[in-house]
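In what comes next, chain A is part of two complexes: it sits with chain B in the first one and with chain C in the second one.
The block that comes next holds the complex of A and B.
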C-alpha cells in the first residue's frame, strides 16, 4: 500500500515537472526567436517614424503609426470594457447573490462567448458598423474590441469577487450598509489587485488581437487623429510585414512583434507593481 | 424584566432539512443571554435570524416572528439596514473592512450619519479606547486593518460594532479564535457594557457561559431544550438533556 502510494506520488511529480518544463521551454523559444530576429532589425527610426513611401518594399520609415494606434485602441477598449464590466461583475456577486442558478447561467454564457474566435467578433463588428453606418475607424475598432474583451473582463473580475468571504458581506451589512455600498466600497477594495489583473489580462488580449480589428479598425500609415478615421495596429502591422517577400521587411515584422511583446511585458510588470503597492500602502476614501 | 427580543414559532428550513424547530424564546433587555449548545445545533442560524443575515442565503426558508420593540422584523417593508444597524455583530472570525484602521470605524460612523472630520476623529479615538485598542494602534491608524493580529482585529470589530450605536450586540462565538488575553477582554467588556446593551452570545464553551451569562438558552438538534436565568439553569436544570450536557456527557 505504502509503496504504490509513493510510486503514484513520484509519477505525478514527474508529470507536473515535465509539463511545467515543456511550457517554459516553449515560452522560452518564442521569446528567444522574437528577440533574436527582432533585435537585428529594430532601430530608433522604426520606433519613432511612420512608414514612408515604399516602407513595405524595404525603404525607410517605421511603425509608430501601429504602436500609437494599438495603444490608443487597446486603452480605449479596456477602459470601456472596465466601465461596463465592473458593475456587471459586482451585480452578479452582490445583488444576485441569492439567485445562484441565474448567476451560474450568466457565467456559462460568458464562458461560451469568451470562446468565440475573434474573427467572429470582427465579422459581427463589421455587420454592426454597416447597420449604424459607421466606417472603418478607431471608434469601430474600439467598439468591436470592447465586445471581444468584455466576457474576459467580466469573468476574470467575477472569479475574484467570488472569493470575497461571506463573513465580510455579513459584517458590512450588519453595520447597516446597503448593497451598492457593499459592492462599490467593500467588494472593489477587497479585490483591488485581482481587478487590476483582470484589466491587464483584457488589455493584453485587446492589444494582441488582429482578427477583430481587421475589418473594423482598418489600417493606415498615419498616426491616429480622429475617432472616425482608420487606425493602424501592431498585429496587423506584423501581418502585413511578414507577408512581404522582402527579407528586410520580414525582419521588421519580428521587430514589431518584439515591440508588442515588450509593451505587454511593461504593462504587466507595471500593473503587478501597482497591485502590490495598493495592498501595502494606505487605502483611503 | 423587560424583553428586548421575542421570538415566536420560528422555523428554519435549509432545503428539506429543518434546522430550527419551533423556537419560542424571550431575550431580556440589558442582560447577557447565552445561546448554548453543541456544534451544529442551530445556534448561529438562530442568531443570524435576528438581524436577517439569513436573507443572504437563498437555501434558507424562515417562517415565524421575531419581535423587536413590538415590531416583527420579517414584516414586508421593514427597514433592514436600520434593523441591522441597531444590532452590532461580532462574528466568530473578525472581518475587518478592506480599509485603514481609522476608516473601519469612520465607515460605521458615516453610516450612522455622523459627518464632519473633527467629530468623526474624536469618536473614532473614543471607540478605539472603548475596545482597548487605542494605545496599540495609535501610531498606525492609517495602516490597513488587515495588518493587525486576529485579537486586535476582533477588538477593532467590536469598536466598529459599537460605533453604529446599536441597542443589541450579537456575538457568534466571538472569542473562539482569540488568544486568552483578548478573549478575557471581550468577556469583561460585555460585563461592563451590559447596562446599556442587550447582549446575545453564542457559544459552545460551557465555562464561558458560566462566566458571563445572566440568562441561558440551551439548544440541542435545532430545538430549545431549556431556557431561563443562568443561576437556575446551572444549579437546577430541569431537563435530562441539560443535565447530561452540563455533566459533559456530549459536546
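The block that comes next holds the complex of A and C.
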C-alpha cells in the first residue's frame, strides 16, 4: 500500500515536471524558429522602405508601410480606448462603489465581450462601416480595434482601481473635493503603474490582431497619410507574403513575423519595467 | 487657469463617464443586433436546421450548408482542449504546490509572453514546425500520406495558444484554496499527493471545469493561426490527418469576394453570429456555474 502510494506520487511528479518542461520548451522553440528563420531574410532595406513594384514577386522593397501602419493604427486605437475606458473604470470604482450589484453586472458584461472572438468584431466593424458609409480605411480599423480592446483595457484598469483603499477616498472627501476630482486626481495618480500596464497590454493586443482589421483597415503599399485611406498592418502583411508561392517573399514573411514578435516582446518588457518604476509613487496604507 | 470652474468641470467629466459607460453597456446588444440584422436575409429564406445540418456549400447556386465548417471547428477545438487541459492542470499543480516560489516568478513572464504572441506568429510557427513535423514524422508513423495541413495541425497550434489562458486561470484557482485546508489534511497523515488528489482537486474542480470552458470558448473563435495551418478544404473530415475548414476561417478567407452575391454576404454574417452566440453561451454558462458553486 505504502509503496504504491509512493510510486504514484513519484509518477505524477515526473509527469508534472515533464508538462512544465514542455511549456518552457515550446516557448523556446517558438522564439527560436521565428528568430532563426527571420534573421536570414531581415535586412535594413526591408525595415526602411515601402514595397516597390514587383515586391510580391521577389523584387526590392520593404515592409515600412506595414510597420508604420500597424503602429499608427494600434496607437490610435489605444488612445481612443483609453479616452473611453479610463472614465468607465473610474466611474465603476468611484461613483458606483456602493452599488455592488450594478458594478458586478458591468464587470460581467465586460467579461462577456472580452471573450468575443476578434473575427466577430471584424465582421461587426464591417457592418458598422457600411452602415455609416465608410470605406476600408485607417479610421474604420481604429474604431474596430478600439471596440476589440476596450473590455481588455477597462477590466485591467478596474482590477487595479479596485485596490485603492477606502481611507484615501474618505481623506479626499474630507478635504472638500467632489467625486470627479477624486476620480481623476487621486485614483488615477494612485494607480499609475496599473494603468500603464493596462494600456501596454491593450496596445500589444491591438498591434498583434489580424482578424479584426482584415476587412476594415484594408491594405496598401503606401505609408498612411490620411484617416480615410486604407492602411497596411504587420499581421496582414505577414499573412499575404506567406500566401505567395515565391520563396523569397515567404522568407520576408518570416522576417516580418520576427519584427512583430520583437515589437511585442519590447512592449511586454516595457510594461514590466514601467510598472515597477511607478510603483514607488504610490501611497501605502 | 482653467476654462471652467470646479462645478462645471465635474458636470463635463461626469457626462463623459456616463456616455462611455453607455457605449460599453450597449456593445453586446449592438454586436448581436448588427450581425442578426445582416444575417436576416439568409435566415428569412432558409431554416436554421437546413443551414446547420446541410453538407453542400455552393454560394453561387444558393446552397449554404454550414455543417462541414461547424464540424471542422468542433474537431479542432475539442482536440486542442484535450491536448492542453492535462498539460495545464499538471503544470498548475506543479507550480503552485510543489515548485519553489522562485519558479512561479519565472513562470509568470513565460505565460505573459505566450499569451502576448500574436496569432499570426503562431500561424507562422505552425507552418515552420508543426506542419513539417506532421507530414514528415507523425503521418508516416501512422502510415498516412499527408501534406501536414490538417485538423491535427490546427489543433496542435491552437492548444499551444490556449495554454497560457487556461494555465493562468488554473494557477489563480489553486492559489485561492485556503492553506488551512491543506494543512489540516497533511496533519492527518496524508501524503502531499493524497492531499492534492483528494482535497485540492476536489475543492478546485468547479474552477477547473470553468477554466476549460473559458478556454473552449476562446479556442472556438481563434482565426488566423488555425486558418494558416488547417488546410481550408470544404469537406467533413474523417480523421485528424484530413484537412478541414473552420467557421472563423470561412469568414476571413471569403470576405473579398462576397459583395456580388447579397446572400453570400449574409451567410458570412451568419457565421459570425454563430461564433458570437457560441462564445456568449459558453461564457454565460461558466459564469453561472461559478456563481452557483460559490454559494456553497
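Basically, the second predicted complex is superposed on the first by the 243 of 285 C-alpha atoms of A that agree within 3 Å, B and C clash if a C-alpha of one lies under 4 Å from a C-alpha of the other, contacts with A are read in each partner's own complex, and residues count from 1 in each chain.
Simple rule for what comes next: a residue touches a chain if its C-beta (ideal position, glycine included) is under 8 Å from a C-beta of that chain, and two chains touch if they have at least 3 such contacts.
Source: prediction; values computed, not measured.
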**Asked** More residues of chain A in touch with chain C or with chain B?
**Response** C
**Request:** Would you sort A:100 into first (chain B), second (chain C), both or neither based on which partner it touches?
**Result:** first
**Prompt:** A:71 contacts which: chain B (first), chain C (second), both, neither?
**Reply:** neither
**Message:** With both complexes superposed on chain A, which partner does A:20 reach: first (chain B), second (chain C), both or neither?
**Reply:** second
**Prompt:** Of the two partner chains, chain B (first) and chain C (second), which one does A:253 touch, if any: first, second, both, or neither?
**Reply:** second
**Message:** On the A-aligned overlay, A:178 touches which partner chain: chain B = first, chain C = second, or both, or neither?
**Reply:** both
**Request:** Could you look at A:166 and tell me whether it touches chain B, chain C, both or neither (first, second, both, neither)?
**Result:** first
**Request:** Would you sort A:223 into first (chain B), second (chain C), both or neither based on which partner it touches?
**Result:** neither
**Request:** Under the contact definition given at the top, report the residues of chain A touching chain B in one complex and chain C in the other.
**Result:** 178, 181
**Complete:** Residue positions on chain A within touch of chain B in the complex are 97-100, 165-178, 181, 185-186, 189-190, 192, 279, 282-285
**Request:** Show which residues of chain A lie in contact with chain C when the two form their complex.
**Result:** 5-6, 8-9, 12-13, 15-20, 22-24, 26-27, 29-30, 33-34, 37, 84-85, 87-88, 90-92, 95, 106, 108-113, 115-124, 126-128, 131, 147, 150-151, 154, 178-181, 183-184, 204, 207-211, 214-215, 235, 238-239, 242, 253-254, 257, 260-261, 264-265, 267-268, 272
**Request:** Spell out the part of chain C that touches chain A in their complex, as residue ranges.
**Result:** 6-7, 9-10, 13-14, 16-18, 20-21, 23-25, 27-28, 30-31, 34-35, 37-38, 86-87, 90-91, 93-95, 98-99, 107, 109-110, 112-114, 116-125, 127-129, 160, 163, 167, 191-194, 214, 217-218, 220-224, 228, 248, 251-252, 255, 268-269, 272, 275-276, 279-280, 282-284, 287
**Residue ranges of chain B touching chain A (in the complex, touch as defined)** = 48, 51, 53, 55-58, 81-82, 84-85, 87-89, 91, 93, 95, 97-100, 103, 107-108, 111-112, 142-144, 157, 160-161, 164, 170
